[in-house]
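Two complexes, one shared chain (chain A), two partners (chain B, chain C).
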Partner chain A sequence: MRVIKKEDFKEFVNLLIGDDTKEVVGVKAKGGKFVYDELSSADELRLDFDVTVLSPKKYFMPPVETLLRYDLSSDFKVEPVNEVTPLIIIGIHPYDLIALQQLETVFRDTYPDANHLLKLERSILIGTNMQNVSPHSFAASMGTATTRYGYDLMLTDIGDSYYIEIGSDRGEDLLERYARVSKPDKTHEQRFESVINGIESKFQKALNFPPEELPSILARTYDSKLWAEKAEKCLSCGSCNLVCPTCYCFDVQDVTELNLRRGERIRTWDGCLLEDFAKVATGENFREDRASRYRHRFMRKGKFLYERFGFIACVGCGRCASGCLPDIADPVEIYNTLKEEAL
Partner chain B sequence: MTRENITIYTPRPATIKRIEQMTENEKLFEIALDDNMPLGHNPGQFVEVSIMGIGEAPISISSPPTKTDGFELCVRAVGNVTKAMHAMNVGDKLGIRGPFGNGFNTSMLKGRDLLFICGGLGFAPMRSLINYVLAYRRDYGEVAILYGCKRPCDLLFADEVRRWKSMDGILDHHLTVDEVCEGESWEHDIGVITTLIPKTKFDPETTYALVCGPPVMYRYVIKSLKERGMPDDHIIVSLERRMKCGLGKCGHCQINSTYVCQDGPVFVYSEIKDLQEAL
Partner chain C sequence: MMRPSVKPRVAFFDFASCEGCQLQVINLEESVIDLIDIVDVVSFREAMKEHSDDYDIAFVEGSIMRPMDAERLKKIRERAKILVALGACACIGGINALRNRYSVEHVKKVVYGDADIEGNPFFDVFHTKAVGDVVDVDYYVYGCPISRDELAKVITSLALGKKPEIPNYPVCVECKKKENVCIFEKGGFCLGPVTRAGCGAICPTNGSGCEGCRGLVDNPNTDSELDVLKKYGLTVEDALGRFDLFCYKYKGEVSK
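Here is the complex of A and B:
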């Protein structure tokens, strides 16, 4: 554990920005919302954010990512591509850190995906405990409002300083090289404890039951009328998929340059709510109606991936709830209603 | 920016050795990997075929693993990649990833009687298993083959299929088409494939049915087999789904928590009969 005075923290961030070995990314205000973006000065950093529009997933699974480069002017010329920009990301809330851990598990499973894993390996994650909470978030009830793992450093605002938990040697090394820190004294420890203990009370929304019950609740509500009722309004736009920190489905396409010689095979974010998601070339669509696609997403988050990987793939960030135009995507509302139905 | 040279998405270069027009819409491609390695597949597995600039598509392997100097893909021109494949010539290069999926459990099937039920292009992966079984004929019990397609002109591997009709070691063999158009000759059955099941010689107690066909076919075939008294764990199906990666990542082939590309495409019916969306 360390403590850093706020003015020293600014200097720390500015030193990181000044060092060229890694690009420094942090939470910035943009158009009344918060986003992760490259920092040009510590003054831009807003650690008081409630939630960002997109999660830091975008750095480890970019919306558009080159997998291969090909050259059509010779017989068969294909070059694997794994473009990695080493990052220091400052200001990741615990639920997003847990989401990144889940993605790592998925991409490490059976066939390790170097395009994802190398980006993660080369980056330093600096978390921050929540000062403000989005009105849609229910992370506390998902057990994701705080975390003891998944970060290199974790910051907690304790007034005139940040309390720093060290999660890795890399994190410790970073502090040693760039930061003026001290050991926390008793007052710091007390302030830290009180901040952590106060986080849960900031949430306006909560799951009414322990998240471990979700898989069995969903097993009993597969045929619920709720799916069709809600999906009636679904625009099949996939916004819930795009803002989700744990959605990782992707499409793969070849994009050839206008010279028709060189091109790239890219992967792009895909979404299971989109109409064509399960459609094959013959026209058969294995999830043709909106209700089955809508249900699939909630089932996947609360049951399917749990069965495969052992985690509930919803971290309670509430981004889907705020991103859904017809307002049918709020997992808390769906899951709490299903809990009642499953009784 | 740094680059790493190992990725799971990199296809291996391969060359088209032979192309055979099978029907109006289907061609057979014999392909060899440029490193001359055998593909090393099990019957029922698939590969991801890359045509750079067009894309990648999952295609089931039609040849048995006993053929090692290349492998065969029976391809219907229906999507971007398959249409582009149909425009290719002998000597052209394409990319191969895989083989992927589980394939048929050939050791579990040893000593069992086998009933192959194939509909349309579902014959393509099944041909790999049938030829495998015929190559190791004495390891298996009785063999019966049912194959249905839309019209006589849609019959795949027609010469091979007709040869099986008179082959020793094949207990029963029926072909059927949905319709015969004017001017076409057809000396076999007419009607959907389920009409063949009641008249086929097999003992439901000792026989394993291997089923592959268009999505609509499974429910009816399984019903007919159960009417003959076949237990659920004797029915083995191969399922089709949309796929991108073949590696359990992209999410497209998911049936609930099951990934068809990894856990399938071959499933024992008793294990998926309660799996919603499967059939």
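Here is the complex of A and C:
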């Protein structure tokens, strides 16, 4: 554990920015919201954010990513592409750190995905405990409002200083090289404890039951009328998928240049709410109606991925609820209603 | 070597339009060299003098306004193996379809007044039609104007003998991928949730709501879109009015 005075923290961030070995990104304000973006000065950093539009997933699974380049002009030539920019990401809330851990598990499974894993390996994650909470967030219910793992460093605002938990040797090394820190004294420890203990009370939304019950609740409510009722309003716009920090489905396309010689294989974010998501080559669509697509997402988050990987694939960030224009995506509302139905 | 041994013969045609979509073809700039390397352009009034009626692929811009247009279009269809509708006017009627809210007689009166046009085929107009309302269309390149990247994608796909991947998901997808703050949250109005993507969400990215120039997705939830427009403060009438500019074609379905 360390503490760093706020003015020293600014200097630390500016030193990181000044050092060219890694690109420094952090939370910045954008049009009344917050986004992760490259920092040009510590003054841009907004650690008081509630939630960002997209999670830091965008750095490890970019919205559009080239997987390989091909050249058809003479001998068939193909080369894999893995464009990695080593990053230092400053200001990741615990729920997003846990989401990144989940993604890592997924991308290590069966065929380890070099494009995802190398980006993760080369980056340093600096977390921050929540000062403000999005009105749609229910991370406290999901056990993701705080975390003891998944970060290199974790910051907590304790007034005139940040309390720093060290999660890795890389994190410790970073402090040693760039930061003026000290060991926390008793007052620091007390303030830290009190901030951590106060986080849960900031949430406006909560599940009425422990998340461990979700798989069995969903097993009993597969045929609920709720799915069709809610899905009637669904725009099939995929916004809930696209802003989700744990959604990882993608589409792969070959894009050939007009010269018909060179081209790229790209992958891009897909979403199970989109109409053509489960459409296959013959034209058959396994989830043709809105209701089956709508149900699938909740089943997958709360049951299917639990069965496969052992975690509930929802970290309670509330981005889906705030991004849904017809207001039908709030997991708290859906899961609490299903809990009642499943009784 | 996947390049075709015989280059497909390609022709461009225009009907009622600003010809801006054909201009986008010319705007491919240095890629035009690649284009004429893989296809033979045999007719393209906006770009060349030569003309031939012997072609494999016809690109048709513009909407169909008169019986004489329909006849000309049918001939093009007969000659072409593949017909591609180019741009909003051809794909969905586009801005030209705005006049479909009035009777043909009223439109003629407003535009030509008391001029003697009776029996003149040039002025014999019917309600604006999209190309697909008159003949079968094999592929659509949507938008006002079309996107050059998408045009290139369609041409390369045709040259390689595969089906072009044209999005059947709404503009929201591309907006989210760009991490735009939602137009509705910024106090604006947007047809993005029901409009076919492929434009890279160019309007919302630059701060204005989607006007629907690429037409709607295959199964748009227009009832829900109307509810959203109303939730953010539009009257039913104004909400429906959002569909006028490009999506008049769909308005009958929207207001049901």
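Methods note: the second predicted complex is superposed on the first by the 343 of 343 C-alpha atoms of A that agree within 3 Å, B and C clash if a C-alpha of one lies under 4 Å from a C-alpha of the other, contacts with A are read in each partner's own complex, and residues count from 1 in each chain.
Methods note: contacts are C-beta pairs under 8 Å (C-beta built on N, C-alpha and C of every residue); 3 or more make two chains touch, one makes a residue touch a chain.
On a predicted model such as this, the values are computed, not experimentally measured, just so you know.
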item: Touched partner set for A:Ser40, first chain B, second chain C, both or neither; value: neither
item: First, second, both or neither for A:Gln190, with chain B first and chain C second; value: neither
item: Chain B versus chain C as contact partner of A:Asn82, first or second or both or neither; value: first
item: First (chain B), second (chain C), both or neither touched by A:Leu325; value: second
item: Touched partner set for A:Gln253, first chain B, second chain C, both or neither; value: both
item: Which of chain B and chain C A:Asn208 touches, first, second, both or neither; value: neither
item: Which of chain B and chain C A:Ser239 touches, first, second, both or neither; value: second
item: Chain B versus chain C as contact partner of A:Glu307, first or second or both or neither; value: first
item: Touching partner for A:Leu68 - first (chain B), second (chain C), both, neither; value: first
item: Doubly contacted chain A residues - partners chain C and chain B; value: 72, 253, 256, 260
item: Partner chain B, residues of chain A touching it in the complex; value: 67-68, 70, 72, 75-76, 78, 80-85, 106-107, 109-115, 118, 222, 248-254, 256, 260, 263, 265, 267, 270, 272, 277-282, 284, 286-287, 292, 296, 299-300, 303-308
item: Residues of chain C that touch chain A when the two form their complex; value: 1-3, 28, 31, 34-35, 37-38, 152-153, 155-156, 159-160, 165, 168-170, 172-173, 176-182, 184-186, 192-194, 217-219, 221, 224-225, 227-228, 231
item: In the complex with chain C, residue positions of chain A that touch it; value: 30-33, 35, 53-54, 58, 63-64, 72-73, 232-239, 242-243, 253, 255-261, 268-269, 271, 274-276, 290, 323, 325-326
item: Contact set on chain B toward chain A in their complex; value: 1-11, 13, 34, 50, 52-57, 78-80, 82, 93-95, 214-215, 240-242, 244-245, 247-252, 254-257, 262, 276-277
